[in-house]
Amino acid sequence: MIVEQYFEDYVIGDGRETFGRTITETDFIVHAGHSGDFFPHHMDKEWCATQEIGQRIAHGTLIFSVGIGLTASTINPHAMSYGYDRMRFIRPVHIGDTIRTKTRISEKRDHPKKAEFGFVHEAVEILNQRDEPVLVCDHLYLVRRKNPS
Amino acid sequence: MIVEQYFEDYVIGDGRETFGRTITETDFIVHAGHSGDFFPHHMDKEWCATQEIGQRIAHGTLIFSVGIGLTASTINPHAMSYGYDRMRFIRPVHIGDTIRTKTRISEKRDHPKKAEFGFVHEAVEILNQRDEPVLVCDHLYLVRRKNPS
Amino acid sequence: MIVEQYFEDYVIGDGRETFGRTITETDFIVHAGHSGDFFPHHMDKEWCATQEIGQRIAHGTLIFSVGIGLTASTINPHAMSYGYDRMRFIRPVHIGDTIRTKTRISEKRDHPKKAEFGFVHEAVEILNQRDEPVLVCDHLYLVRRKNPS
Amino acid sequence: MIVEQYFEDYVIGDGRETFGRTITETDFIVHAGHSGDFFPHHMDKEWCATQEIGQRIAHGTLIFSVGIGLTASTINPHAMSYGYDRMRFIRPVHIGDTIRTKTRISEKRDHPKKAEFGFVHEAVEILNQRDEPVLVCDHLYLVRRKNPS
Amino acid sequence: MIVEQYFEDYVIGDGRETFGRTITETDFIVHAGHSGDFFPHHMDKEWCATQEIGQRIAHGTLIFSVGIGLTASTINPHAMSYGYDRMRFIRPVHIGDTIRTKTRISEKRDHPKKAEFGFVHEAVEILNQRDEPVLVCDHLYLVRRKNPS
Amino acid sequence: MIVEQYFEDYVIGDGRETFGRTITETDFIVHAGHSGDFFPHHMDKEWCATQEIGQRIAHGTLIFSVGIGLTASTINPHAMSYGYDRMRFIRPVHIGDTIRTKTRISEKRDHPKKAEFGFVHEAVEILNQRDEPVLVCDHLYLVRRKNPS
C-alpha cells in the first residue's frame, strides 16, 4: 500500500507496531546459509550447551533483517532509507522467541545542504514475547519536503 | 578457526579484506522471503524500469547481512558484537554486482563502568566490483582485557 | 494491518490490486523444492526447447501461491478462507514475467445452515506484465454477520 | 517416468495414493517466504496461542502445493492440467502433521468445441495421519483422444 | 513407487536414465548456503573471470547431490545404500548446464560375512547437455537375497 | 583465507578438525528440495515410526555435502579436488545430531602421467556428538609440485 508523506507530515511521537513473528530454527539455518556465517554460536547446539548462554543465539543480522522487514508494510514514495545509527544488541534471541517491532518518530532535522529534503529519525525497538527489547536502533530517512523554503 | 585476542592485542589501523561474493537474483528472492520485505523496489523489474534507478536494488539489510557475513571467518572468544554505529547506504547494489568487505580497527576506548572490558571499533566498508563503497558502518565490539587495571 | 469487515460490509464490485512481482528462475527452483514437483516442464530448459512451448513454464501451484500471497496485506478477523472455485490456467508464465493480482467482490450469499455466517466470493485475476490474465479463480470466504437475523 | 494415456484409457474409479510427507515448521517458513504471506496465523505462535485454534496453521496454498506436488510422479504427454474446481479446506494442518494424497478418476466428458480432446476429472483428497481429509478438490485435465470421432 | 527387487533379481547391464535438470545460479546459491562452502570458485563471478576456467563452477557435492537425487524415483525395500566408490569429477558444470543421470548394474558379489545379503554395484554417470560425463561413481547397495544359501 | 601448499608441503599424518554443526529438520527439508529426493525415509515421520530405525534419517548426500562443506575454510590454489574413494555410510544421522569433520593426510603418490602433479589423499571422518563416525571417505587432490623432477 502506498501512503504519501512529505517531511512536513511526519509528527514526532507518532508510532506503529507490527505483527509478531516467531523466530524458528529454520530462520537460523536460512540466515546462516544466506549470510555465510556458520559460527557455532548459531549452529552447534552441543557446543552452545557448554557455554555460559547455554543454547543457540540468533545472528544479530538475522534479528535486524527480520525486525526491520516486519515494518515493510507501506511505501512512502517521498522517503528513502538513508542509514541506521546506534544499533545495539540488548538481549539474545533464542529459537522459539517471538519478536515484533515498535517504531516512533523521534527527530526531524534539516538537511545541511539540500533544501528540498529533511532527515526524519525513527526510533526502532524490536521486542520479544516478554516485551523486552532485544535490538534497538535509529532509522534515518531522507524525506522530500512539500514546500522547500 | 579460533584466534584469541584481548583488548590489548588490537592495533589501530590493522585491517583485513574478505573474499568477494556476487549478489545474485537468488539472493534478492531469498532475502525477501527471509525478511518479509517484498517491496517492488527489490521484486518487480517492470515497475523498477519506470523509476529513476531503472532496475531492482538490493535490500539494505541484504547487503548488511552478506557483507558482515563475509567477515565471519575467525572467532575470538574474548570479543562480543555490541552493536553498529553510523551505518550508511552509499550506493545501490544491483543484481550481478560483486561485493567484498574491508575492515580496519579504528578506535579503542575504555568501558565506562566495567574495568575488565574495553570497546574496540572496526570500520567496515563494503565495496562493489569497481571498488566503490556501497555500505559503510562502524562495528563495536566489547572485548575482554588481559590485564584489567 | 487489521481491517474489520462483517458480511454486511462487503460491497459487490469493490476491488483491489496488488503490487507486482517478477517471477524469477529462483521462484521456479524454490517451488520445485517446496512442492517436490521436478517435472522437466519446469526444470529442464534443454527439453523445453524441444517442445512446442519452447521454454520452461511455471508450476500452476507456484502462480496460485504467489498470486494469492500478493493479496495477503490486511487481515479481517471476521472472515476465513473457505476454498476456491473454477481455478483456470489461462496462459503460461515464464521466467522473467511479472505478475500482479486484481480482485473484485463478485457474489454474496447466505450460508445454508449457519445464520451467523454468509459466503462472500472474490473474483481473483492474476495478470502478467501485458495485462493478460494467467490464472483466474473465485475465492470463497466464510464471513461473520454483524446482525445474524 | 513417462506413462502415455489417451482420453480413452482413463477409467472412472481408477486411483492412486502417494507417499506421505510430514509438514514441518520449515515448510511453514519456506511457504511464507515463497508466497509472501506472513500472517500471524502461520508465523506467530504466541498470537496463535491466544486464538481459538491454539497453534499455527498451515497456509491453504502450502497444503495445496505440497499435496498436489506429491502426485507428480509420472508424466502423461497427452494430458495437460486445465484447472481445479471445488477446492475446500476441510481441516487445519499443524506443524508435525503428515499428509498424503489419494486421487480417483471421477468424471470424463467431451470438450464442447475441440473434438480431439476430452476432459478428465480427478477427485483429489489430501489426508492427514489420522486419515482425515484436510483439503479436497477436483483436478481437471485436458486429454488428447486416440481416436477423435 | 515401491518396486521390490531381491539380490537375485538384479541383472548386470540393466540400466535406467533420468529426466534432465538445468543447474541454475539458484542451485549454486542454495548449495553454498546448505553446505557452507562459499569459495569464490562458486560464488564470485569477477574473480572467476580472472582465472583459467573463466566462470563459476558448481560444487562437486552439488552435482553429486542433484545427480543422485535424480535417480530417487522408486524405492526397493530390500536394498540399502552402502556407499560410493571411485567418484571422479570429469568436467566442470557451469550455470545453465543441464544434467541427467544414467545408471547401469555393473557388478554383483557375495557379502563376505552375511549370507542373507549381497552387494550390487551400480555404475553412475552424470552427463551434461552435450552427453559428456561430468561426474562418475559406483554406487554400492547392500541387497537382501530371496534365497540365502 | 588462502594457504599455499605444494605437493612437497603435505605431510602424512597432518590433520585438522572443523567446528560442529547441528543437523536440523530444516537441513532435511532443504536437502530434499535441493536434491529432489523426497523418500519417506527422510520426510515421513509416521512411516519411519513403523520401520526398524524408528525415525527419519538424513540423506547420505546431505551428510556428505555438509560434512565436506565444514572443511571449506582455506583455499590452496595449487590443489584441486579430484574425487572421492571408499565413501561409506557407517551410522544414520537423525534430526538433532551434531556433526563435525576430522581429516588426516593419509597418502601421497606420483601422478602416473603428469610430472608436475602428485596425488594427495585426505582421510575424511565425519563424526557425531558421541564421537562415532557416521560417514568416512578418502578425498583425492591433484596437487602441483614445487619442483617437478
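Order of writing sets the labels: A, B, C, D, E and F. Residues in every chain begin at 1.
One rule holds in what follows: a contact is a pair of C-beta atoms (placed from the backbone, for glycine too) under 8 Å apart; a residue touches a chain by one contact, two chains touch by 3 or more.
What you are looking at is a predicted structure, and each value in this text was computed from that prediction instead of being measured.
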| item | value |
| --- | --- |
| Chain of greatest Cα-centre distance to subunit F | C |
| Most remote chain, CA-based centroid, reference being subunit E | A |
| Copies subunit D and subunit C - interface residue numbers shared by over half, same or different | same |
| Inter-centroid spacing, subunit F versus subunit C (mean Cα positions, whole Å) | 43 |
| Between subunit B and subunit F, centroid-to-centroid distance (C-alpha), Å | 30 |
| CA centroid of subunit A to CA centroid of subunit D, Å | 38 |
| Where subunit D touches two or more other chains, by residue | 21, 25-27, 30, 33-34, 36, 38-40 |
| Interface residues, subunit E side, partner subunit C - complex | 19-22, 24-27, 30, 96, 98, 129 |
| Complex contact set, residues of subunit C against subunit D | 21, 27, 30-31, 34-40, 59-62, 64-66, 68-70, 72, 75, 81-89, 137 |
| Of subunit E, residues touching subunit B in the complex | 25-26, 29-30, 33, 38-40, 43-47, 56 |
| Touching residues (chain side subunit B, partner subunit D) in the complex | 30, 32-34, 36, 38 |
